[in-house]
């Protein structure tokens, strides 16, 4: 599905990501964890096209995508959410989804004129379904900026899903959420996985990562220090060292 | 009556100019180049009617299309720079176009008289309306026909996906790009549409003024063009029209009795409005209030 | 052969005069850039305020027959005062994220100041006192005008003074901190509004120097100067790179010199057209200015 090969991103002398190789399979929830500054966010931005890699390749379904702009990557099948929510605040909730729907829409479905200048029409059904899925049913007319924090997070997830991506990148989706909201998010992630979507989850909150992921890669200093199932990772001493320091350091 | 029709013509033309900046403001770009496109439309359509005997409608169309064409040309390099850099670049463009026409000398004999742009002397022989027997009322209605057309077009745009895309780019360009929007296409399209509207407005202006010279197309006029949508707010298409009526109708014409002091007051009022209503006089709150009034109190308490 | 020699001499002479006068563009450019660096906002009033400062100086001259140095001093104080007022009415109380509102308000202030000047002077140009305008230094075939040299020297001294304020005083440290990391600076106990206000005052003082130097070298002050100086100042700011002081200085000299060369080669009607083209060339090939290394902000 997604294959990162010898991927590097250097900022001046800083090696934010260094010679990293990862493979994510179809329909898999893949966790990306590591201490602050380990390069997680850089990887998300590399996969989404905000940064261009210094070296290495990014393949989606066998096609090289590392030269594409973020919008072309969405068309190729990669959608994302942002660490700090970025909605179109002054637009109604439903239009936030409508905008994202366009890219992957079947070009034959409408002619060009109707697609760009026609009303929402049949798109509304799909949007309503997405709003229902996000627990925002009936609130499509409100302004996105006026929603509560947790609702904004759900709307942003819905916007990413609206593009019907093959691969979904969630950049710290649980940041700032309370326990109930995290449980709710876990349910949604599992639901998306059942729709055969591959998901990369970048997260600090271990309850969430360990609960929903199939495999996990642990990063430190821009490189991968461990990879395995949640069980394997939890037992790994390398991981504990990365997070807590070596035992002798503690003593 | 003539006097009021004259004001109505000015308001109509200025509203069009304001809307040409409004389209671009939707994408978050502030352009002072609109007067450059306005000048292109004015000169081109006036040259066509005066020097080559075109009817005004095709002449306006050509002027509008050329305005759009130059907007597209300017759009590609100019939109690479963001925000305030674009402000400066577009000021320079307007200045450039104005200086260009300042240096154009192209006269041609029409019916035994020389006509055409005469560099420093301006372009003085634009008489399509008079030659075809249109009176002031006809001209005013003709202008407002285009005002209504553009207004309905922009109102429609705001209900379409294209309009939502433009606003999304204006709200957050990275989020928009990550939602599959091609930023260059969106911004250049907005720029082109703005150029078409400005070119159209320019053609209408040249014919009702019957005389244009480079001083008309100043940075001051460009500032007015952006002032209308900013003061009116870009919440919806009516804001620009409201601001144009407010500025041209009330501040400039209505306060004529104040003489010199009117201009001083004008600057102060802009400052005041921007401090009190940073999102424009027709912002979301005002619109809600207006809707409530029109709903006649029935729904005043419901949400 | 003689033609070529004559031509070369004239062009070099144009460049010399242009660079000397360009120092005033550099000052205006620095003022725009300082305020942009501090607040990430464009203060459209700046050049108008600088010239208004010069008018205040001129008022001292005509009303009290003040010595020329006092005229300059009054211009500096006046322009700084206007700067502070502009900060309060156009920037202080408008929410930070409403860039358009602040920009538009500063355009309103530009109209306001311009109209006051027009009202006070009946829109007629006034003579501005110059220093050393009867001195001419001969340098082989070239002549250096005494008044332009004076303008150049004063501009360089003001730039040096600005450098001292920015890099050798607490005030400068606070200004630089606010411009780089506003929130962090606030957490360190820096009063952001006060620092911004001070930046406007410092920029205003510089503008007062610029305004009176423009008056001194042109010989007159007229409301017609406002717009060209505003536009040239903005062009200098962009060519130098928004926020870059060394960039603004070099760009000021560059624009001054090229403007004079175009004037000599193509005449006054076409001169400014080529300056606009110069800006487009920079926007296409070096959009981040002369010195800037791709600072990605707007």
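Order of writing sets the labels: A, B and C. Residues in every chain begin at 1.
What we mean here is this: contacts are C-beta pairs under 8 Å (C-beta built on N, C-alpha and C of every residue); 3 or more make two chains touch, one makes a residue touch a chain.
In this text the structure is predicted, and so the values were computed from the model without any measurement.
Quick one: which chain's Cα centre is the longest way from chain B's?
If we average the C-alpha coordinates per chain, A ends up farthest from chain B.
Closest chain to the protein CA centroid?
B
At what distance in angstrom does the C-alpha mean of chain C lie from that of chain B?
31
Once you find the CA centre of chain A and the CA centre of chain B, what distance in Å lies between them?
42
What whole-number Å value describes the gap between the mean CA coordinates of chain A and chain C?
Measuring from centre to centre gives 48 Å for this pair.
Quick check: in the complex, which residue numbers of chain C touch chain B?
36, 41-42, 89-90, 93-95, 98-105, 107-116, 118-119, 227, 231, 234-235, 237-238, 242, 269-270, 272-273, 276-277, 279-280, 283-284, 287, 298
Within the complex, which stretch of chain B touches chain C?
25, 30, 77-78, 80-85, 87-89, 91-93, 95-96, 99-100, 102-103, 119-120, 218-220, 223, 226-227, 230-231, 260-261, 263-264, 266-271, 274-275, 278-279
In the complex formed with chain A, which residues of chain B make contact?
Listed in rising order, the residues are 156-157, 159-162, 164-165, 167-168, 171-172, 174-183, 284.
Can you tell me which positions in chain A touch chain B when the two form their complex?
48, 50, 69-71, 74-75, 79-80, 82, 86-91, 95-96, 98-100, 102-104, 115-120, 143, 159, 163
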